[in-house]
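Heads up, the next two complexes both have chain A, just with different partners, chain B and then chain C.
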Partner chain A sequence: MRVLSALGAGAVLHLRVSALTPMAVVSSSLTPVGMGLLLCAGAADRGVAGQQLVSIAFIAVWGTMLVQSVIAVVQERNWGTMAMLATTPSGIALPLLGRVFAAAVHGLLSAAVVLLVLLPLVSTTDVLGLGLVTLVIALVGYAGVTLAIVSWIVRHRYASGGVNGLFELILLFSGAFVAMSALPAGLRPVGYLFPSVRVADASAGTLAVQLLVSVAWLAAGLLLLTGASNSVRKTGKGFLQ
Partner chain B sequence: MRQALRRAGDVATVAWLSYRALFTWLNPVGYVANRLVQPVAVATLYGVFVSELTGRTFPTLVGTAVLALASAMMFGISMAIANERQFGTLEMWIASPQTFVAGLLARAVPHVVDGVLAAVLSLGTSMLVFHVSVPAAYFLVAVPAFAVIAYSVTGASLLLAAYAVWSRDSLGGPNVFKLVLTVCTGSVVAVSLLPVRLFGLPALLPLTAGQQAAKEALIAGRLDGGSLVRELVVGTVYLALGSGAIAWAFRRVRVSGLVAFR
Partner chain C sequence: MIRVDDLVVEYSSRKSRRRALDGVSLRVEPGQVVGLLGPNGAGKTTLTKVLSTLLRPMAGAATVCGFDVVRERRSVQRSIGVAFGGDLGIYSRLSARDNLRFFAAMYGLPRRGLRERIHDVLATVALADRARDRVETFSRGMKQRLHIARAILHDPPVLLLDEPASGLDPVSAIELRQLVMSLREAGRAVLLTTHDLVEAETVCDHVNILSRGSIVLAGSPAELRSNAALDAGSRLELAVPPSALDQALASYGPLDAAAATGAGASVRVRDVAGAVRTVAQAFPDALPTLRVSHPTLEEIYVSRVDRP
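Right after this comes the complex of A and B.
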């Protein structure tokens, strides 16, 4: 019960704060719209296909989740509430987990809006069923990636600025824009560390592997966040370095 | 003469302090990620994507280098305002007799240099990744294009800085504007390939003509005078609008005593 209460408090707070900064909401919805327009380049004649819809939904959800989660940590620091949370029985991890969850919900809403806007352009939904499965599996993994990044900036206060560079870098390996085979050869091995939203590469076998990779990321993210919370509570280093 | 030197010294001190505070040099993760990793990641992401789409990579690599320059300047100058607010020095700056536009331009200087470095690094690294080579003389031809782009983006950055004075949300403005530049100027993908019609919007934006001139210079080694003039005109309009907006925001703050209106 105590766990749910801390998670819920973090989630509710995050949604309230987001409502207070509408530019952040607009910005998080515009990123998938802008990137979606690029992804659909050349589709004026042939129409938008299933893969493009899956990629746009992925960018909407993960982009919002990542950016807002990082902002959540920065806000808690700036408000002075992170130090207070560290001393409460719940620690930092649970309220932050709640905020990451709320950011994901926010991302899902953004995805729904963006997909509705793009609906008139859609010509084929051939891979949409398989695409949805691929998307859900990938998002589980990218939630883990987000938690790992959040735990990094909980431990290192000056690392928050570093996240800007990570978004496009990880997007490169996600399959949202291009297939792994199109990447320069030197970059391909890194791509296998991340779940892919490439529907063309999805089969029963590859989806099972993707699921394993995603669950591994989620477990690692949860462990890292718990570790960061404990470290900050015990050493206070997260407020210094 | 002595007064001019002292003034130049003041400008340099303000610029350096503002710049040093921005990226927290004690831990340069933010700098490396924003100025080194991000431009190269963007160039690789869009380079591979457009190569699949059209079979041509190099125009997009030039376009992303131009975007790296614009991004460094827009975010840097907006963040300069945000940091003054965070450190509690915005009020003192506003109350000081220094002209706000001059103070802001002083803070902009390091970001122009930084943006040029980001553009060079983005282009250089992506050319290595994609095995593209360009005659050295072409880079000299491209210098006026990048200079005019820096000029027009300075105007746009002043507008965004005025927004950062007016609002506490200093990142929303540059984020949205960067996205608009990425999609609507043809830097990444030709506007004609987009699935929606943009009507006259691209012509009203900085970078549309400038990136065309930069591509012409680096791909064909030609100086595209028409595009340079168009970019110069758009930049001058933005500079006038930006200076006016900053002056307006400055007056509003002084009269009302509020350092943010939302």
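Right after this comes the complex of A and C.
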């Protein structure tokens, strides 16, 4: 009960302090909409395939979730509230996970805006339904990836600057725009570690595997965040500085 | 309630290692306010961090309500209320009520009766009429009171208050001291970190003076003053010339030569009663101008602490 309560409170807090407004949703959908329009303009038949729509929706959610979660950690640290959270029985992991989920909700709303704008331009939507299922399963895992990155920032005060590079690197391994088979052979094993949003990989069997990978990432993210909190307790650094 | 024994904390980096607490021991009992005094860097906040489970000690032991701060962290966290003071530690964009509602969820407080509990706690710190206002519109004194409201929300038996009156105007500081005293009367054990010697003297039942990570002096404010009077002497001031005062008190071995003051002369002596009797016999006409002052907590503090 306390776990759900802390998760819910973290999510509500995020929506309130990050001011989730229609304008915020629209503004965080502008980059993916722009990318979609570029893809449409470059396509011979002036349309994008279902996979590309899913990939662009993924960018909307993943980008919003990652950026807002990093900002959330920096906010909590600078406001001194992270230290206060660490003195409570809930610790920092649960409320931060709540904030990551709320950021994902924001991202999903932005993705809906992206789809609304781009759907009239699409020539084929044959794989869109399956693609959205793949996307939702993958996003559970990317919430874990986000927590893992967040744990790094909790531990290291000035680490947030490295997040930009990670965003695009992980995009490469997500299967959003480049199939695993198209990656250099040395990089493929790394790619298989990340949840895939590639519709071509989504059969019933692979979706089950994807779900396992996603749940594993979520568990790993929570463990890493709890570990970061414990590490800070030993060193007095990170968010205690 | 709070037991600290030979606590050691070190901060280390690649280049250096610094001992922030070096064998600190203290006790805080129910219904007692214990003060931690010391200059910046003396280790006061480090000790508060250990007791609030934010920092693990390298050696020694610390328990709160019988729970070990390292091995039984969750139990300790339920037993303590923490107020770090200042603008940090609360969500400025939320209202006072929403801040408390959020932290109630962090403590797993049941929803039933929560509204009444939040109202009661805000009334205790005189913020009930501002419950719906955003914290960013609050004065510093109101924010400090909200910190204390958050600290007592889950009704913990132990409170850790880190410089709660820092930066307050005199009226707000007095109000906050009254609040701390009311918490003591409610039977809570309070560890109060402060720079403010007036606050320590007014509020604390027991004072520990920390310097460079060690407790250099401990006792009630009255004990500290009387011990310091034995060590450093008390000051006698009288409207007579310094040389006459020196001559009269020669047999008492004054601690220093009489010095001229605006009103006459002053001298430090250990045997205050004997010195007063002698002065009364030697200078009966000047007796109405006699003033005796014992060392203040401030003088004791300044004489005992080293700046890091």
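Basically, the second predicted complex is superposed on the first by the 212 of 241 C-alpha atoms of A that agree within 3 Å, B and C clash if a C-alpha of one lies under 4 Å from a C-alpha of the other, contacts with A are read in each partner's own complex, and residues count from 1 in each chain.
What we mean here is this: a residue touches a chain if its C-beta (ideal position, glycine included) is under 8 Å from a C-beta of that chain, and two chains touch if they have at least 3 such contacts.
Predicted, not measured: the structure shown is a model, and the values here were computed from it.
Trainee: Is A:233 in contact with chain B, with chain C, with both, or with neither (first, second, both, neither)?
Mentor: In the superposition, A:233 contacts chain C only.
Trainee: Could you tell me if A:88 is touching chain B, chain C, both of them or neither one (first, second, both, neither)?
Mentor: Touch partner of A:88: chain C, not chain B.
Trainee: After superposition on the shared chain, which partner residues are touched by A:1: those of chain B (first), chain C (second), both, or neither?
Mentor: Touch status of A:1: second partner only.
Trainee: Output check: A:9 vs chain B and chain C. Expected answer is one of first, second, both, neither. What do you get?
Mentor: second
Trainee: Applying the document's definition of touch, where does A:208 land relative to chain B and chain C: first, second, both, or neither?
Mentor: After superposing on A, A:208 lies clear of both chain B and chain C.
Trainee: Regarding the shared-chain residue A:171, is it in contact with chain B (first), chain C (second), both, or neither?
Mentor: Once the two structures are laid over each other on A, A:171 reaches chain B alone.
Trainee: Looking at A:121 after the superposition, I want to know if it touches chain B, chain C, both of them or none. Which is it: first, second, both, neither?
Mentor: The answer is first: A:121 touches chain B but not chain C.
Trainee: Among the partners chain B and chain C, which is in contact with a greater number of residues of chain A?
Mentor: B
Trainee: Shared contact residues on chain A for chain B and chain C?
Mentor: Touching chain B in the first complex and chain C in the second, no residue of chain A appears in both lists.
Trainee: Can you name the residues of chain C that touch chain A in the complex?
Mentor: The contact residues of chain C facing chain A are 9, 11-12, 46, 49, 52-56, 74, 77-78, 80, 82, 84, 86-94, 98, 101-103, 105-108, 150.
Trainee: Under the definition above, what is the set of chain B residues touching chain A in their complex?
Mentor: 23-24, 26-27, 29-34, 36-38, 41-42, 44-46, 48-49, 51-54, 86, 129-130, 167, 169, 171-173, 175-176, 179-180, 182-183, 188-189, 193-196
Trainee: Per the contact definition, I'd like the list of chain A residues that touch chain C in the complex.
Mentor: Touch list, chain A to chain C: 1-2, 5-6, 8-9, 12-13, 16-17, 79-81, 83-90, 95, 233-236, 240.
Trainee: In the complex of these two chains, what residues of chain A are touching chain B?
Mentor: Contacts found on chain A: 21, 23-24, 26-27, 30-31, 34, 37-44, 48, 78, 121, 156, 158-166, 168-169, 171-172, 177-178, 182-184, 186-187, 241.
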